[in-house]
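One chain, chain A, links the two complexes that follow: it is found with chain B in the first and with chain C in the second.
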Partner chain A sequence: MTAAAIRTWDLCRSYGTYQALTKLSLEVPRGEVFGLLGHNGAGKTTTVNLLTTLLEPTSGRAEIGGRNTVNDAASVRRSIGYLPENVQFYDSLTLMENLRFFGRLSGIRKPDARIADVLRFLDFTGHENQRLGTFSKGMRQRVGIAQAILHDPSVLFLDEPTSGLDPEGVRILRETIVRLNQEYGMTVFMNTHLLTEVTKTCTSIGILNHGHLVHHDTLVNTLASFPEEESLEAIYFQLDPAVAP
Partner chain B sequence: MIDLITVAGKELLDLRRDRLFALLISFLTAVTLISVTVGAADFRNQLDAYNLYVANLTTSGSGVVPAAPHLFPLQLLRSGIEYLEILGALFAIVLGYGAIAKEKHRGMLQLFLTRPVNRFAFALGKVAGLSMIWWVVVVLLMGVSTISVVTIGGGAVTGTDLGRLGFVTVFIWMYLVFWSAVAVALTSLSASHSTALIVALVIWLGFVLVIPQIGDTMDPDNQVPGGLFAALNIQKPDEMAVLAHFSKFDSIRNVLEVSSVTKHFERLSFALLGIKDQYNQQPIPVVLTAMLPYAITLTAATVVAVVFAGAASTRRTLQRKQS
Partner chain C sequence: MSVFITSAHHETLSVCRARIAHLLLFVFIGMVSLSSIIGWVTNITVTGVYEKILANGLTVAPNPFSAVPELYYARNAVIYVVLIGTLMAIVLGVQATLRDRKSATAGLILSRPVAVSARVGGQLAGLGVVIFAVLAISMAISWAGISIITGAPLGSDSTFRLLGFAGCAWMLLMVFAIIGMIAGITSKRETTALLVPFALWSGLAFVIPQLGTAARPVALLNPVPMPEQTGGYFDVLSAITGPLSITEHFKRAGSILLRDSNVSGSAGSSVAILLGFLVIAVVVVVLVPRQKLRQTLND
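On to the complex of A and B.
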């Protein structure tokens, strides 16, 4: 039996007396583009932090590709790529220098050839010797994607990847995510607020409400379950009353 | 090890292009060189005055050759050492703090922690990068200072003198690495950047300025220019006899001074450079033997600070501070 790309069992995380995530049980099959939705403070970033080994759960467990995120964290780190929200990278370093740094940290001894491949894939060549301080937000986000996929991870985590991007930047990023999923078979797990992006990119969704998973299904099933609703937005407001207007 | 080298290499690259770093190092270089240059010029004047005096005596037919003044070129580095002691430590703290705070501010720490890297690679890589930078800076500073002493001061620097300078260079480097490592550790441990910087500056203030200042104030030799006993024309044996009555006072002063790593560094450097009269022109092994306790404590303090930085910046600690 092939292990799911991501699986959690009663995953909980609290900060002092505040319960950020409560008994999250979730399974994301390989090859999915999973969108985790929820209002601010719903527990989305906590979930990503737990799955990327940045945090340890208070109770419960999680596995990435069948590897435990606590007991086998090093192995999990080798199999994931991560783009945090609002990461700034090193402005004084060139694109190549930034990517070499992350390539080596990801265990690639001689990363230049792989960097060239990734930049070609992202249609991002010609900027190799440019310092990141001169890059736009959209370009930086592509640098973020590039560093996250350099070591060819099986699961890619994106935390609010379209945050602060202009429509063109959003379109490029959306296409990149779809291509990564379709051409490389990469499983993508992303937190987002943008429901239109979820509709265009994700194959399955989950909705968190105050740390509880209130909905988890494929996008097709979700839309089919609410035939009376016109859009995912309307469905979202039904499923997550905390954000209903 | 590869992770550590990767982090250290990135740190070097980043610092090389950092304007604040360039500004701090330029300032430190400028004040050190100015102090050495002024001292060297004064040295030159004294040397010229003596040579002129001897020439005049010779011209007037006198066969008397007056004793040469006691001019030792390495002593000219005193102000430079004092600047490094105070400003160098301050700048080492700023760079150590910046190395960690910038990563946290950029959000890079999260990214770093999701990579399969050695648990100590982050902090020790940072400290290694800073150590390399400090080594280059200190070697350049000492090199240029020595050239200034020779060219401007006209003082002759012997092979033994170069040996002394070599040891002093190593001790300056260790002293600066100590402060950078302390700042790296404190910034890693603290959830708030400003708190870490304030704590580091308070430690700097206490150990670099306040304690040595109290010790200096309690030293009878610092009460009047040239020294109290010299001003009163009291000879060394009599001075020792007088001081014997104040042994408790002197012990307290000594305990206070040795509680500061800065004083250890200063005593080591001053002894090697012959700034302390009792060690002037003594062979290097004699000076090093006498100063061994200070050399050991400075080395130990540096090692402890680096270990502290490593222990304070493990994945687990950094994760805790991130969450």
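On to the complex of A and C.
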């Protein structure tokens, strides 16, 4: 039996007396595009930080591809790609210099050929020697995706990847995520607020409410469970009362 | 390429592209280079006056510049290192660690198989290379300037002394660069990241030496160290503040190396104290906890 791409057991994280995440038990099989939904402060970013080894759990445990995020953190880091929310990168450096830096940190000894492949895959060639200070938000987000997949990770974590993007930027990002999943079999775990994007991109969803996982199922099953509702948005409001209008 | 070398290369590249760093480096190199020119202008002026009064039969004393050692022309560089170089080093150090926090890349870097000591150590090595390059350029200009003034290339002994002075300056500047790095890691705001090390610098350069020497603040702007006071209260206080007066130790070592007649003795103990400060600072910064590196800024 192959291990799930992501698995957590009673994962908890508190900041002082504030409980950000409570007993999160979750399994994301390989090859899924999983969308984690929830209101601001629901615990989505904390979850991603725990799974990407940036935080250690207060209790419980998590595994990425069968490797423990605390005891085997270095191995987990080699197998994941990560794009945080609102990352700016280094404005004074060119696209190539930024990507070389992150490629080498990921253990790629001679990253130029791999960078060229990734930029071709993202249809983002022609900007290699341009400084990032001149890039739009949408272009920066593609830089973010490029650095996250340079080392060919098996699991890709995206924290609010469409935040601040224009509709064209959102479309490009959505298509990229779908291609990464379908052409490379990459498991994608993303936090998002945009329910339309979840409908078009994700194969399964989870909903966090004040640190508790209140729903977790495939998108198809979720939609089928609420035949009376017209959209995922209506279902979301039912499942997460914190955001109900 | 290892994380250490990647980080060092990234740091040098980032400093080379930063405008504020360009400005500071330009000012520092300019001031250290000017040190020789100021000495040369002083020489010409004094010698001109001396020759006039000699021609008028008003003196029989020798020209005061005839016995001046050739490294005399670089002596003002001591105070430029303390006043301008250290501030430049602080700014470079703060920028090195604050850059990742401001651009939100700290989390991204730490999500990679990166050891904190290799990352921070690499940044430190990058700064070390930059500061070495700045001092090398400054000393090369000083060497050339003094050679032109004296009409002959600087001898090997003086050249080695100039290199020794640059080595001491490198140690002092690295200590302040590390203070800047630590402030960049631990501060909650960008403004305090700069203000705290500047306050510490003023304490180390002015307040602590004053306690043990009773010197006037202006006297501490001289390139030569102030002698410690003795007797009663000062015996106790200078025993405490003496080793902490890192800039005074640099001034002492620098003045001895540059053959300043106002300072005598060996530079060994002062160099050892500079080295001790540097070793402690390196250990503190490379052992910084992983979580500290990705603290969000409140600005």
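Please note the rule applied: the second predicted complex is superposed on the first by the 245 of 245 C-alpha atoms of A that agree within 3 Å, B and C clash if a C-alpha of one lies under 4 Å from a C-alpha of the other, contacts with A are read in each partner's own complex, and residues count from 1 in each chain.
By our rule, contacts are C-beta pairs under 8 Å (C-beta built on N, C-alpha and C of every residue); 3 or more make two chains touch, one makes a residue touch a chain.
Nothing here was measured: the structure is a model prediction, and the numbers come from that model.
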Room on chain A for both chain B and chain C (clash or fit): clash
After superposition on the shared chain, which partner residues are touched by A:L93: those of chain B (first), chain C (second), both, or neither? both
Tell me the contact category for A:R78 with respect to chain B and chain C: first, second, both or neither. both
So, does A:L105 touch the first partner chain B, the second partner chain C, both, or neither? both
Just checking: does A:Y15 make contact with chain B only, chain C only, both, or neither of them? Give me first, second, both or neither. first
Find the residues of chain A that appear in the contact set with chain B and again in the contact set with chain C. 49, 52-54, 74, 77-78, 80, 82, 84-90, 92-93, 97, 101-102, 104-107, 109, 147
The answer for chain C against chain A in the complex is residues 1, 3, 6, 10, 13-14, 17-18, 99, 102-105, 107-114, 294
In the complex of these two chains, what residues of chain A are touching chain C? 49, 52-54, 74, 77-78, 80, 82-93, 97, 101-102, 104-107, 109, 147
In the complex, chain B residues that touch chain A: 2-3, 6-7, 10, 13-14, 17-18, 105-108, 110-117, 319, 322-323
In the complex, go through chain A and note every residue touching chain B. 15, 49, 52-56, 74-75, 77-78, 80, 82, 84-90, 92-93, 97, 101-102, 104-107, 109, 147
